[in-house]
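Listed below are the structures to be examined.
Look for chain A in each of the two complexes below; its partner is chain B in the first and chain C in the second.
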Partner chain A sequence: MKPQARADGLVVQELEDETLVYDLGNHKAHCLNRAAAAVWRLCDGTRDEAALARLLGKELADAVDEDVVRLALRDLARARLLREPRSARPRVSRRRLIQRLGQAAALPLVISIVSPTAAQAATCGAPVSPSACNAGAPGAVGCCCNNSKICLAGGSGCAGARC
Partner chain B sequence: MSYGREIGVRVNDPQVLPRIESLLPPGWKPSPSPVVRRLYSIFVGGEGPRAGMRRLHLAYANTLRIARSADLEAALEAFESDLRLYIAEHARRRVFVHAGVVAWHGRAIVIPGRSFSGKSSLVAALVGAGATYYSDEYAVFDARGRVHPFLAPMSLRGAEGERPTRRSPESLGARPGTRPLPVGLVAVSEYRHGARWRPRRLTPGQGVLALLANTVPARERPAAALAALQQAVLHAPVLKGTRGEAAEVADLLLENLE
Partner chain C sequence: MIGAAPLLLQTGAAGLAWWRIRPSPLASNRALDELHQAYRLIALQAAVHELRVARAFAALRAARVEAVLAKGWAMARLYPDPGLRPYGDIDLYVRHEQHAAALEALEDPQGEGIDLHRGFAELDDRRPDELVARSRVETLQGVEVRVFGPEDHIRLVALHMLRHGVLRPLWLCDVALALESRPLDFDWHAFASGSRRRSAWVRSAFGLAHALLGARLDGVPMAEGAARLPRWLVPAVLRQWSLFVPPHGSRAPMAASLGHPAAFLRGLLLRWPNPVEATVGVGGPFNGLPRLPFQIGDCLLRTAQFTRRLVAER
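Moving on, here comes the complex of A and B:
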């Protein structure tokens, strides 16, 4: 298996030790730590896991277990940052790897969020009416309804937590 | 004109104009252009043509009806809410993040959070402790990551289901901010009764994600948003945790910028 990183439909922003990736297709934003970002950059479709582990070790100036690469590939695939969905799984879990390698710093980590719509990120003013909530009126989602419950997305009505 | 966007408002009753003017975004100014991007139409209802019949108050944004209510105030609030959302999403050269902002010793403390996360009460506590008021609704970032004041009245919630009360920063003894500032601290907090503020520090990348989760134009302009937010957290710690009463946390946050 020679994974290849996705390049289309992404906005990439490099930080000092991290890489931020925004997926324009599903509006998810990902934060890749140094190890995950390095694996992602190295995935050019010509390298297998052993080669990736060797090159990652050079980049991190430390020997890297192939399971670390598999963990990165699994996380990157879950975040849909690879061209093909990956079926191979790491032989050990992240927890086992931390126990085995003794430090979490070199382990890859991908943190993801779903980017909010404008209305989700907006401020709520006065309580919205249940009818406005059910109709999906602009700015109603996430606001307090007359019945003192949060207006849920997708026409689910005033049925969220108390507000 | 507000943040580079032309807005039009028309009404069927000129008596409501002063009230509408009070609901326009901070810093708005009249525009000579007859062409607007968004046209609001406010129809004030009242007595109908027959006895016992009342016309409802209506508000439209372009052709979309945003309010239909027997309560004029509810229709006007829908207008204000939609207008602010439109400006926040489409402002030129600015990135609006749903957050409270105060300034302390020349740097901004940014408190991102959704509605009901308690950020307005934390802003009020910080202002009460002597911080300069910048906003309790939006952190307005420029491309260099500096925060600009968004000086709308402070919105304080009362009992469940009640309308928030609005108070000018000056009435709370606050000094309003005037100039853009670099960010000194980002505090991602959520109120929980009895909780103690023991935050963990996020990495810069995680900090950008925390801000992006509250960014109005995140989907509309992700590249600009990421670039501005990256600049914002370049030299500012991002702390995340649950907190108890606002007054207790306010002092701890200000100590971070001493």
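Moving on, here comes the complex of A and C:
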């Protein structure tokens, strides 16, 4: 399998030690730690897992197990950041890998960014579209929709009182 | 810090707070995870926002409309990291005669979060030609974006903050940052041109930034005057910050509560102007006189405007 990173419909923001990705299609946001971001960047459709593990090892200045790469690919695929929807399942779970390698911080990690409730009021500025509200776009809940309703939590969409 | 986290989140300062604590042991405190999340969210929204700004300018330029961007990205770019300064709206200023063409070029400005200003709002005491001549062109996502010159932008940001009663601490951070990061060739003469009352207001804003945030006033003409604030000003701002008031856009419109006395009264109380807002609202000076007459005057002025609007709509 030679995975390829998705580029279309994504907005990427590189920070010091993590990479943030916003999917314009499903309005989901993800945070990739350094290792996951490196795997994602190396997925150019020409490299198999062994090659990715070798290159990741060079980048992190440490030998990398192929299961680590598989873990990253699984998480990246789940976040729909790879072109192919499926990835090879890791032979071991994250927990077993941590036990085996003893370095939780070095394992690739892709997490979803959830908007902190109280921050929503502060980041409200522009009205959100009903589709962004329905999809739970970051920072949408609690804000005004461009049809003048409030974006309600829990996927209830733009409804309720006029804002 | 943990106790202050909800207020930091509510007022948009969570990113700044995270930036401050991240090299310290506090950063590993799970109770402050929300600050980190807010920082990430702000950084991501900034990236999305940049695309919208670039798209807007490309559309306007194709229609031969030259706009100037203020606040939002124009301010956030002065911060050292994209996760520090949240912003939502895209504030674009066009000449009066170009407003209709701009609306047509943008198709759905409200849907894109664009606040299209007809004319130059807080800077309408200056000639548009001068504003454009002092403006700068920056490149964003491969598109040229025009922003106000520093002498005009700092004035606009400060006046906007005062007009809204220094509602958000983040706005004062903007003033402090714009002041301290001004270029070496900052033209104080150009800054002070236009309304002398407004120039005096902005100097008070500098004084506030100095008093509350330690902003340096080195090289600011009449810095002593700026630093000498009326006694009521700092307490009024601190009191405003302690009573977090929902932003204007998220308050229910007054017209919707006309038939409901309790809601109407609540709406009125929410809209009672703070001393800063009232002073600017009636065009008064920041001096030592009591503010209650200014607050009553501003309230009467707004009531008259509201009534005129209601009558015109019916």
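We adopt the following convention: the second predicted complex is superposed on the first by the 111 of 163 C-alpha atoms of A that agree within 3 Å, B and C clash if a C-alpha of one lies under 4 Å from a C-alpha of the other, contacts with A are read in each partner's own complex, and residues count from 1 in each chain.
Just so it is clear, contacts are C-beta pairs under 8 Å (C-beta built on N, C-alpha and C of every residue); 3 or more make two chains touch, one makes a residue touch a chain.
Predicted, not measured: the structure shown is a model, and the values here were computed from it.
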**OP:** Please work out whether A:Ala29 is in contact with chain B alone, chain C alone, both, or neither, and reply first, second, both or neither.
**Re:** both
Original post:
Just chain B (first), just chain C (second), both, or neither: which does A:Ile113 touch?
Top reply: both
Subject >> Superposition-derived comparison: chain B or chain C, residues of chain A touched >> reply: B
**OP:** Would you check which partner chain A:Asp17 touches, where first means chain B only, second means chain C only, and both and neither mean what they say?
**Re:** first
Original post:
On chain A, what residues does chain B touch that chain C touches as well?
Top reply: 11, 13, 15, 18, 20, 22, 24, 29, 31, 113, 115-116, 118-119, 121-127, 129, 138-139, 143-144, 146, 162-163
Original post:
Okay, in this complex, where on chain A does chain C touch?
Top reply: 11-13, 15, 18, 20-22, 24, 29, 31, 113-116, 118-119, 121-127, 129, 138-139, 143-144, 146, 161-163
**OP:** Spell out the part of chain B that touches chain A in their complex, as residue ranges.
**Re:** 61, 64, 66-67, 69, 73-74, 77-78, 80-82, 84-85, 88-89, 97-98, 114-116, 137-138, 155, 160-164, 203-206, 208-209, 212-220, 222-223, 226-227, 230
Subject >> Residues of chain C touching chain A in the complex >> reply: 6, 9-14, 34, 37-38, 40-48, 51, 81-83, 86-90, 110-114, 246-247, 249-250, 252-253, 256
**OP:** Can you check the complex and tell me which residues of chain A touch chain B?
**Re:** 11, 13, 15-20, 22, 24, 27, 29, 31-33, 111, 113, 115-127, 129, 132, 137-139, 142-144, 146-148, 150, 162-163
